[in-house]
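One chain, subunit A, links the two complexes that follow: it is found with subunit B in the first and with subunit C in the second.
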Partner chain A sequence: MSDITREAPITRAAKWFDPRSRTINMVGFILNRITALGLTLYLCMHLIVLSQLAQGPGAFDTFLANIHNPIFTFLEVLVVTAGFYHGLNGIRIVLISFGVGVRYQQALLISVLVITVVVSAVFAVHMFSF
Partner chain B sequence: MSAIRWTVTFQVFRKKGEQASHFDEFKLEVDPDEYVLDGVERIWAFHDHSLVYRHACHHSTCGACGMRVNGAEKLTCITPIRDVTQDGGVVRVEPLRNFTLVSDLAVDMGVMYKHMDLVGQHPVNLDTNEAIQPEARPAGPTVDRPDYLRLSDCIECGLCVSACPITASSPDYLGPAVLAGAQQGGILGDAQVFHLVDSEDGVWRCHSAFECTAVCPSFVDPGWRIMDLRRQVIAESFRQLFGGSNPKETGSKEASK
Partner chain C sequence: MNESLYGPKTGEGAWLWFIKALTGVLVIVILFTHFIVNHFVAPNGLLTYAEVLKYYQNPIIPIMEILFVVFVVSHSLIGLRGIILDLKPSRSLLTAINWVFTAVGAVAIIYGVWLILTLVAKGASS
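What follows is the complex of A and B.
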């Protein structure tokens, strides 16, 4: 505890990830940032995977066969979860930033979380049975 | 007050100067309906006179006794001990976050007060250099003098600043208390305030965590006010885009809520 302006940027940057003694709103905020980081990482990996196409259809099919396992399927479910949560929460934030439904922002957040869980469960069932 | 007595351990944050921080423990026998500040004052009075903390009014008006109690921001003069612990339990008392520590439980809130001045929330009438009298304040929320509204609602306790995850990571952010003050005073009649609010470290730095609203003891609802400021800034920007006159410079004002 000291003057926060003197703290190293990395120390300050890590402070947002602390849900202790906070409300569900803080959990929503943290999830929004984690999903943003996750989706950015996924985008990079996706581009790397697509670069396999440059080595021909055979190499790409072999690569796809190698990653067709439960671990990668679980990771793909996480991408779907992150996409839905981040997208729906983004719509919520846009709405309340325009002054729409600010009083109901927590109910909107809970709705976003419930929809994300339900949609992720449906996707998980389909993806694991594929 | 009840006849029930609880034995509670107060864990109090201590730090003087450059010394390393630590917690001192004080076992107190308390009435559970006493307030956390009562316990802190008893520690100062009977156990350790070197304990530094801030307090004044004891009835949630001055905003001086804001601290973190068991991790959450509380106005300690109105926080009953039974609300934060149980018989045999612990009350962990720490200073507010996101302010410069003065000593032990006291923090320097000067930056917040300076920012309040920047958005037109002055402690004195700038024209006469006199303290603003309560009877001089307009009754309604629609006013022509934003400076008259200071302290009419927000008690400037700093709990919202401490709870805000963005202030924790971005020290230049104006913060929820200051932005709520700007919303109360109105932003459309003052170009300087408008540009300060409509800036990187103004309303657009907020990430809608609404922790400020959750901890505010005066029901100022800073989260809602920041969103209302955004709405005003967006509306004004659209108006400008389609050739509207510029009230920021002509001085007209939208009624604040």
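What follows is the complex of A and C.
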């Protein structure tokens, strides 16, 4: 036990961004976490923004008028993408945790990714064609 | 990682994992309903303050939204705690985090319920 070498934290952290050794399952897991954090941030903002509703008609209607900005539309598309991926993958995880479809977990993950991409594209087209 | 990606991890406990899974499914159900009802069934898609207030007079809406707040805040905080567990916090740090998250969750839920009930009250008096 006298020659344990530990890599520096910065080297360990840098490996987080190295895609070469990732399996598809790990990619799925990482995306689940990223979408989780994104959705949590959205939840905080959504709850704060809705407090404007309690302040009366002027505040809310003004806020809605300001929202017709393409940047906000783009962010909304991101939220829908994150929500769909996290939700569908969540269902997949629950199924597998209870033993259903374990043999198909990779195929299920790929279906989740495909559905997310398709739904996001449809939503984006719908939102940006106004 | 020496733990399965599909079950509770060290320090999480079967109960918390199960509640996370259950609230997750419930959130999907309510979110789906929330989205469709708020944007497609509600008159004009709730684009003004007056419409929102009128909409909240139907008792099923505040009930649905309150449940939504409870489930989504719980799911989010238990999930965040799971992510933090992977960083292997010490016993005392984990206890502190448990307290902080419980407090944040309570505050968020109380705030959400207050906001919903305020909207109902405002709509009833106007």
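The rule is simple: the second predicted complex is superposed on the first by the 109 of 130 C-alpha atoms of A that agree within 3 Å, B and C clash if a C-alpha of one lies under 4 Å from a C-alpha of the other, contacts with A are read in each partner's own complex, and residues count from 1 in each chain.
Criterion: a residue touches a chain if its C-beta (ideal position, glycine included) is under 8 Å from a C-beta of that chain, and two chains touch if they have at least 3 such contacts.
All values reported here derive from a predicted model rather than from experimental measurement.
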Going by the contact rule set out at the top, does A:Gln106 touch subunit B (first), subunit C (second), both, or neither?
first
Is A:Ser97 touching the first partner subunit B, the second partner subunit C, both, or neither of them?
both
Name the contact category of A:Phe123: first (subunit B only), second (subunit C only), both, or neither.
neither
Once the shared chain is lined up, is A:Thr23 touching subunit B (first), subunit C (second), both, or neither of them?
first
Figure out whether A:Ala54 sits in contact with subunit B (first) or subunit C (second), or with both, or with neither.
second
Name the contact category of A:Lys15: first (subunit B only), second (subunit C only), both, or neither.
first
Identify the partner contact of A:Tyr42: answer first if only subunit B is touched, second if only subunit C is, both if each is, neither if none is.
neither
Note: overlapping subunit A surface for subunit B and subunit C spans 25, 29, 93, 96-97
Using the touch rule from the top, collect the residues of subunit B that touch subunit A in their complex.
13, 15, 21, 68, 70-72, 94-95, 97-101, 163, 165-166, 168-171, 207-211, 214, 223-224, 227-228, 230-231, 234
Touching residues (chain side subunit A, partner subunit B) in the complex:
1-5, 12-16, 18, 20-23, 25-26, 28-29, 32, 93, 96-99, 102-103, 105-106
Subunit C-facing residues of subunit A, complex:
25, 29, 33, 36-37, 39-40, 43, 47, 50-51, 53-54, 56-57, 60-61, 64, 83, 87, 90-91, 93-94, 96-97
In the complex, subunit C touches subunit A at residues 5-7, 21, 24-25, 27-28, 31, 47-50, 52, 72-73, 76, 79-80, 83, 108, 111-112, 115, 118-119, 122
